[in-house]
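Shared between the two complexes below is chain A, which pairs with chain B and chain C, respectively.
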Partner chain A sequence: MIVTASVYLFGGLAALATLLMLFQRNPVKAAMLMLTALLATAGLYLALSAQLLAVLQIILYAGAIMTLFIVALTVTPQALHDKPSAGHLKKVLGLAAAALILVELVKVSAALRGSPFSTAFSDAGTLDLARQLFGRFAYQFELLSLVILASIVAAVTLAAARKVER
Partner chain B sequence: MMELIEANKDMLLFTAAAGVKVLAFLGAIMGFAGLLTLAERKVSALMQDRIGPNRASVLGFTLNGLFHPLADAIKMIFKEDFVPARAEKLLFTLAPMFALVPVLALFAVIPFGDYVMVFGYQLDLQIADVPLGIFFVLALSGLAIYGVFLAGWASKNNFALLGAMRGAAQMVSYEVVLGLTMVGLLMIYGSGSLQDMVRAQGKLLFDFIPAWGIVLQPFAFVLFLTAAIAENKRTPFDLVEGESEIIGYFMEYSSMRFAAFMFAEFVEIILVAMLASTLFFGGWQVPYLYDTGFIFPGGGALELDHYLVAALQVGSIIAKTIFFSWFLLVVRWTLPRFRFDQLMSLCWKGLLPLALLNILVTGAAMLLLGKI
Partner chain C sequence: MTAHTPAVISFVLFAIAAAGFLTCGSLVRMLMFLELMLNAANIAFVALGPAVKSQAYAVLLFAIAAAEAGVGLALIIALASAFKTLDAGGIKELKG
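Coming up: the complex of A and B.
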C-alpha cells in the first residue's frame, strides 16, 4: 500500500514538475523544476527499492549534470533573462519530436507490461555490482567511456582554440 | 485497537526507536554546532592573541563566554528579516533550507556506536543502516550546491551571483575528488554500508595494528580531507564568500535565513569530522575493545560490562569528532585563501590524478596480495 502510494506520489510530482518546466520561460526556474523532476524520479526508484539507481540518479543527474547546466546558465548572460517566444516552425518541430518520444515511451511501457522486474541490480554488494558492470554490461560500459573521451577531446579543442585567438 | 498494535508491534517499535535516535542524535549535533560557533571565535582569538567573546552573562556568570551561542541565537531571531525588492521570493526562501536539510539528512547513515541491548531488544546505534551508505553521502552532499547557487541567484545581486557561480564550479569539481577518494575504501571493505566499514576496521593487521582506514589508505585520507574542506567552503577554500572581495552568496540574507547558512556551515564541520573518523579512524572502534571487553594482542584481557563497552564506543566517536572539528577550525585560521585559478588547478591537475592513482595502486595491491 505504502509502495503504491509513494509510486503514484513521486510519479505525479515528476510529471507535474516536468509539465511546469515546459511552460517556464525563466531558465533558472526551469532548471529548478527539472531538478524537482529528477529528485522525484529518484524517489520513484527508491519506492521500487532500486536503491543504487536512486542514489546514482541523484549523484549523476541532480548532483553533477544539473550543476553543470547551472554553471553554463550563469556564464551565458542572456540565460538570466526571459526568453522571447520561439517561431512557429520551432514549435511544430518540438511538438513532433515530443509526440514521437511519447509514442515510443507508450510502446516500451506496453512491451514491459506484465514482465517481472528484476531486483538483482538493486540489493547488491560492491562485488556483485562490479561483476555486473564489468562483466554483463562491459561492452556498454566501454562504449560509454568512448563517448566521454570524445567529449573530453571536444572540450579541450574548444578551450585550446580560444587560447590561439589571443 | 490492542490487536492492531499487537499485529504491527515490530513496525511500531522500529518507528519509535528511530524517532528517539533521530531526536537524540540530531539534538546532539545541533547542540555541538552551537558550541562550535563559540569554539571558532575562541580558536581565532587564541591564534590572534586575543581573549575572544566573554561578555554574555546570565545572572552575572559569564562562564568564559559559554552563553554567547545563546545570545547569538536570540539576536538572530530578533533581527529584521529582509528580502530584497527584486528577489525571487520563493527561491530566496528555499535556498537556506537547501543548504541545511541535505546536510542534516546525511547524519542518518553515519553510525555513532555499535548497538545496545534495551529491555532485551538490540538497538543499533545508527539511524538508517543503508547498504549503499557511502553513495548516499555523495548524493546528498551534491545537493548542497543548490543552497549556494539559489541563494546567490535569487537575491538578484551581482556580487551574490559571483559567489554562487564560484560556489557551483568549486563544489562540483571537488565533489568528483571526494567521490574518488572513497573508492579505495569501497574496494578494501567490499561494502557501501558505513556500519560494515566501521566493523571491518575492528580487525587487526599482523595481530596488533588496528585495520583503520588511515593505515590502509593514508593517501586517500589526505585527499579526502582536502576535498571535504573545499566542499565545506571554508578557508583556504572560501572563495564563495571571500569577504574582502565579493562578500558572498548570502550577502542579501539576514536574520534566521542567514543563521541557517551559518549553521549549515558548522553542521558541515561536524559532518566532515564524523565522516573522516568513520571512514579513516575506525568510527566508534576503540583499539582492542570487543563485545566482551578489551583483548590485548600480548594475551592480556579485561572483561567489561556491555553498557560500559557501548559507552566507550560512543565516547570514542565523540572524541574523534571533537578532535577533527578542532583540527578544521585550526586549519581555517592558519591558511590564507587560494586564488580561484589555483583552486581549480589544485582540483583538476593535482587532487584528481592523485585520487585516480590511489585507486589504481589500491587495486594493484589487492591483486598482488590475493585479496580479490
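Coming up: the complex of A and C.
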C-alpha cells in the first residue's frame, strides 16, 4: 500500500515538475524544477526497491549534473537572458510529436496490464547488483571508464580551444 | 499495482521531456530536457526489466548520462562564446 502510494506520489511529482519546466521562463528556476524532478525520481527508485540507484541518482544527477548546469548558466550570460523563442508552428509540431510518442508508448505498454509487479519492499538487491556489475557486466563497466575518459578529454579540449581563441 | 503503472509514469515523463526538447529554442534548456528523457528511460529500465539486470543497465546509463552532460555543456559554452547566443535557431554555420 505504502509502496504503491509512493510510486504514484513521486511519479506525479516528477511529471508535475517536468511540466512546470516547460512553462518556466527563468532558466535558474527551470534548473530548480529539474532538480525537483530528479529528486522525485530518486524517491521513485526507492519505492521500486532500487536503493543503490536512488543514492546514485542523488549523487550523480541531482549532485554532479545539476552542478554542471548551474555552472554553465553562470558562465554563459546569454543563458540567463534566453527567451523561449521557438516559432508557433515549431511548438505545435513539437507538442504533436510528443503526444504521438506518448500515445504509441502507452499503446505498446498495454500488454503489461496483466503482468504482476511486486510491491513488497526488498533490501537484498544491492549485493546482487554489485555481483552483476563486477561479474557479468565487468567488461561493459570497464568500457564505461573509457567513455568517461574520452568525455573528459573532449570537454577539456573544447575549453582549451576557447582559451586559445581569446 | 501491475508493471503497467511505473511504465506509464516513465512514458509520461519521457513525452513531457520530449515536448520540452522539441519546443524550446535555448541550447541549455534542450540539454536539460534531454537529461530528463534519459532519466525517464532509466525509470522504464528499472520498472520493466528483471530486477537486478535492469538495475545494472541503469547504472551504465547513469555514467553515459554524466559523460553526455559534460561534453554537451562544454560544447554549449564553446558555442556561446563563438556565436554570442544560445538560441538554436541563431546558430546557422559550423566550421572547423
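Worth pointing out:
Quick note on the criterion: the second predicted complex is superposed on the first by the 113 of 166 C-alpha atoms of A that agree within 3 Å, B and C clash if a C-alpha of one lies under 4 Å from a C-alpha of the other, contacts with A are read in each partner's own complex, and residues count from 1 in each chain.
Definition applied: contacts are C-beta pairs under 8 Å (C-beta built on N, C-alpha and C of every residue); 3 or more make two chains touch, one makes a residue touch a chain.
As the structure is a prediction and not an experimental result, all values here were calculated from the model.
Judged by the number of chain A residues each one touches, C leads among chain B and chain C.
By the touch criterion defined above, A:9 lies against neither chain B nor chain C after alignment on the C-alpha atoms of chain A. When the two complexes are overlaid on their common chain A, residue A:67 makes contact with chain B while staying clear of chain C.
When the shared chain is aligned, chain C comes close enough to touch A:141, but chain B does not. In the overlay built on the shared chain, the residue A:75 is in contact with chain B and with chain C. In the superposed model, A:52 makes contact with both chain B and chain C. When the two complexes are overlaid on their common chain A, residue A:99 makes contact with chain C while staying clear of chain B. Once the two complexes are laid over each other on the shared chain, residue contacts for A:28 go to chain B alone; chain C is not touched. In the superposition on chain A, A:91 makes contact with chain C only, not with chain B. Residues 52, 56, 64, 68, 71, 75, 125 of chain A lie at the contact with chain B in one complex and at the contact with chain C in the other. Against chain C, in their complex, chain A makes its touches with residues 3-4, 7-8, 11, 14-15, 18-19, 21-22, 27, 30-31, 34, 37-38, 41, 44-45, 48-50, 52-53, 56-57, 60-61, 64-65, 68-69, 71-73, 75-76, 78-79, 82-86, 90-91, 93-95, 97-99, 101-102, 105-106, 109-110, 112-117, 119, 122, 125, 128-129, 132-133, 136-137, 140-141, 144, 147-148, 150-152, 154-155, 158-159, 161-162, 165. Those residues of chain B lying in contact with chain A across their complex are 88, 91, 130-132, 135-136, 138-140, 142-143, 145-146, 149-150, 153, 161, 164-165, 168-169, 171-172, 175-176, 179, 186-187, 190-192.
The touching residues of chain C, when paired with chain A in their complex, are 1-9, 11-26, 28-29, 31-33, 35-36, 39, 42-43, 46-48, 51-53, 55-56, 58-60, 62-71, 73-78, 80-82, 84-87, 89. By the touch criterion given at the top, residues 28-29, 32, 35, 51-52, 55-56, 58-59, 62-64, 67-68, 70-71, 74-75, 123, 125-127 of chain A touch chain B in their complex.
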